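Chain naming follows the written order as A, B and C, and within any one chain the residues start at number 1.
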Amino acid sequence: MSKIIEIKDYSWKYINTRNPAIHDINLEIEEGSFIGVIGPNGAGKTTLAYSINGLIPGQYNGVKKGTVNVFGKEVEAYDTGSLQKLVGVVFSDPEAQFTAMTVEDELVFGLENIGLNLAEIQKRLDWVVELTELEPLLEKPPYEISGGQKQRVALAAVLAMMPKILILDEPTSMLDPVSRSRIFKVLARLKEEQNNTVIVIEHSLENLVPLADRMVLISEGTVALDDNTRDFFQKGDLLLDAGIYPPGVIRFFHELHRKGEYSGDYPLTVKGGAKQLRVMKGVRDKDQ
Amino acid sequence: MVEEQKSEMTAEEIWTVEEGERRSVGVIHIVITALLIGIGFVVGAFGSISFPLGFGVNFFWTGIAVQQIGAVWFGGWGVIAGAIFPFFSNAIAGTPFYVSLAYIPANAIQAFLPAWVFRRFKLDPRLKSGRDYLYLFLAMIVSSILGALWSVLVVLRSFDLLTTDSIPLFIWGWFGGNVVAGLVFNFILLKALSAVVIRTTAFVKKWWA
Amino acid sequence: MNKTLLGYVPNESPIYAVHPFVKLYFMLIVSLFPMFVSAPEWNIALMLVIILFMWISKVNMETLKIYIPVAVSMGTIIFISYTVLGGTHPEFELLARFAGINFYWERIRDALVVYFRILPMIFTMVFFLNTSRERDVIVAMRSIKMPFVVTYVFAMALRAAGMVLEDFQIVRQAEKARGYDPAGKSLPYKIRQYVMYMVPLFALSLRRSEDFTNALVARGYAFTGDAARVKRADYILTHYSYKYFDYIFIALISLSFIALLVLRYGFGYFVMADSWLLRLLHGWLS
């Protein structure tokens, strides 16, 4: 698969700060992959996300070193508005993303910005409304819907633009567990039906881990760990030292490993964990 | 991109575009204009409803702070917002449409003059010296006089809303309502927030970027 | 119920059938009518017609109560301006003299004329604000081909105003939770308190500007460059179409205005001299 994001020796220092927010970043992302980016608060995850979609350095003043290439072209080389057709971003605060009078207007806003005609707008609107189950909310103004609904709208508004790369910056941080699960259901469906490259920055790993092909740990402004999901979570001690708490099932098997009770790959889901326990029980029964 | 700025800028540096510094009009300026109109709408309507003299003239017009400070910080965008938002706040407070529309030049000059004075004389928006305070005060006085003259002599007389004999009351009302409210709010807002605003990408050094 | 700029109007209100441009046109043109009418009874009649329209549109008439203090204070100001501050005019008919103040018939007459000019202008604006949703105003502006950036700034400003009001409530609630209650405090104290609200409200709005900007840029919006020159499809307009009665309303409003001008300047109607109300009042007072 081709590499659509290539970041080489990249660092960014915001103006009036002493140290770079991120430094020595080397990252390559292949088309169609689902990447989870995790790290403690202030590690530089959002800065990295903004660097990929051109908000940095477009909207921020600072000092940049290295290169960030998207589809083979430096982000600064894209004309105003053209990179955003390729890279969509969903931000963490649903309140700050809503700029229109109604949900429907919000979904359509981006499509008008990229110059689509009415027929194409209608087609995409119908598709994204069905995907995100927003039909009952279309006529509602932003202040009449819940936080979870707003975030679904924000996601739908970006999806409607059909970006090749979708970045979600802590999309569920302000949501309750049910709303969080709904967002990830949409992402799961997206992964199944489309070939988008998805980068999700999250703290809630329970929902992210089953979907992610690859995980990246950002710590103290740099990439501390970058591996496929299964191998990533094998490094339990490193993750815990970095302040990352993997999903419960992974922590359980990591504890078993530390006590010498388990030596295999850590299952990533509860279902996988139950299966592994049945296997372990089967082995024990046989031994007895 | 801009190289790291010194931690404490002088007034001259605040308004000077450095060599190699690229500044351009962007979406942030549209957003700032809209936000200023929104803040001014609420704050101005409060003043218009709480302390009315009549026809949008107020004894204590709180909107003056948004009008003048917005223009000092954001240049032409603040002037546009300052000219437009009273139209909306007056409308909500019961001023007729065409009267509100006719006030626009008065509001524009009230926003423009302090912004011009700061840029022309390289004053420090953080109000570091007596000169900064004095020039701001003078700008407030002159702009409110001009605003009062336009509003009362041109607008209110044109619509026959006043007699010639009552003109002085309304001129004093407009002038006093702006200057008193300005004295209360302008200095505090500049002192409290300028240090933060001048470091943002929204801050306007020239007139548009 | 649908939320309008000033309140709520039921979903079944007939006003929603009218194209937003017609409502804007009504407000812009009918606001001019009183400027050409001196006889108060005609302006009072116009005011009653507008109130009737509000009632037909199922506007909550309670919102008019908000404007009673405005109407009273404005009337008082006009009256004082024309009488107490009206000066000495021996050429006018003196009706009474009280506490050194001359009350002339011409001044009272002029005050009434002005007052009843302003009232229907205010009512026209109130009718527009009460029957227009935020989206309606945007559609009306787009219908007259106003540049998108202008309509969008307006829409964002309305959003911002709503957010500032919410922030204001949150700050006040936080203060109350800390046991602070401004009730009964002096005016200077309240003004100082107001200053303390302004600083955080400004700060919040400035921080919000960055978030809004990122959201707009992320959605491909640009103010400069080729992206800004993209032809927009104006999807919002597809929900609104002109019906036959919209054209009838526009024609009626336009013809009424033309008729008013012809009657006023061609035949001398609507002048003070022909006002039976003023004649009646003059009879009572003199």
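In this section, contacts are C-beta pairs under 8 Å (C-beta built on N, C-alpha and C of every residue); 3 or more make two chains touch, one makes a residue touch a chain.
The structure displayed is predicted, hence computed values, not measured ones.
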item	value
Minimum number of chain-to-chain contact steps, chain A to chain B	1
Chain whose mean Cα position lies farthest from chain C	A
Euclidean distance of C-alpha centroids - chain A vs chain B, Å	43
Inter-centroid spacing, chain C versus chain B (mean Cα positions, whole Å)	23
Between chain C and chain A, distance of the C-alpha-averaged centres to the nearest whole Å	47
Multi-partner residues of chain C (at least 2 other chains)	156, 159, 162, 208, 210, 212-213, 216-217, 221-222, 224
Contacts with two or more other chains, residues of chain B listed in rising order	26-28, 201
Interface hub residues of chain A, defined as touching at least two other chains	59
Contact set on chain A toward chain C in their complex	50, 53-55, 58-59, 79-82, 84-85, 88-89, 91, 93, 96-102, 105, 108-118, 121, 141-143, 157-158, 161
Contact set on chain C toward chain B in their complex	6, 27-28, 31-32, 35, 67, 70-71, 73-74, 77-78, 80-82, 85-87, 107, 110, 114, 117-118, 121-122, 124-126, 129, 149, 152-154, 156-165, 168, 191, 194-195, 198-199, 201-203, 205-206, 208-210, 212-213, 216-217, 221-224
Chain C partner contacts - residues on chain B that touch it in the complex	24-35, 37-39, 41-43, 49, 52-55, 60, 62, 65, 85, 88, 91-99, 159-166, 169-170, 184-185, 188-189, 192-193, 196-197, 200-202
In the complex with chain A, residue positions of chain B that touch it	1-5, 7, 26-28, 199, 201
Chain C residues within the chain A interface of the complex	3, 133-135, 138, 155-156, 159, 162, 208, 210-222, 224-228, 230-236, 238
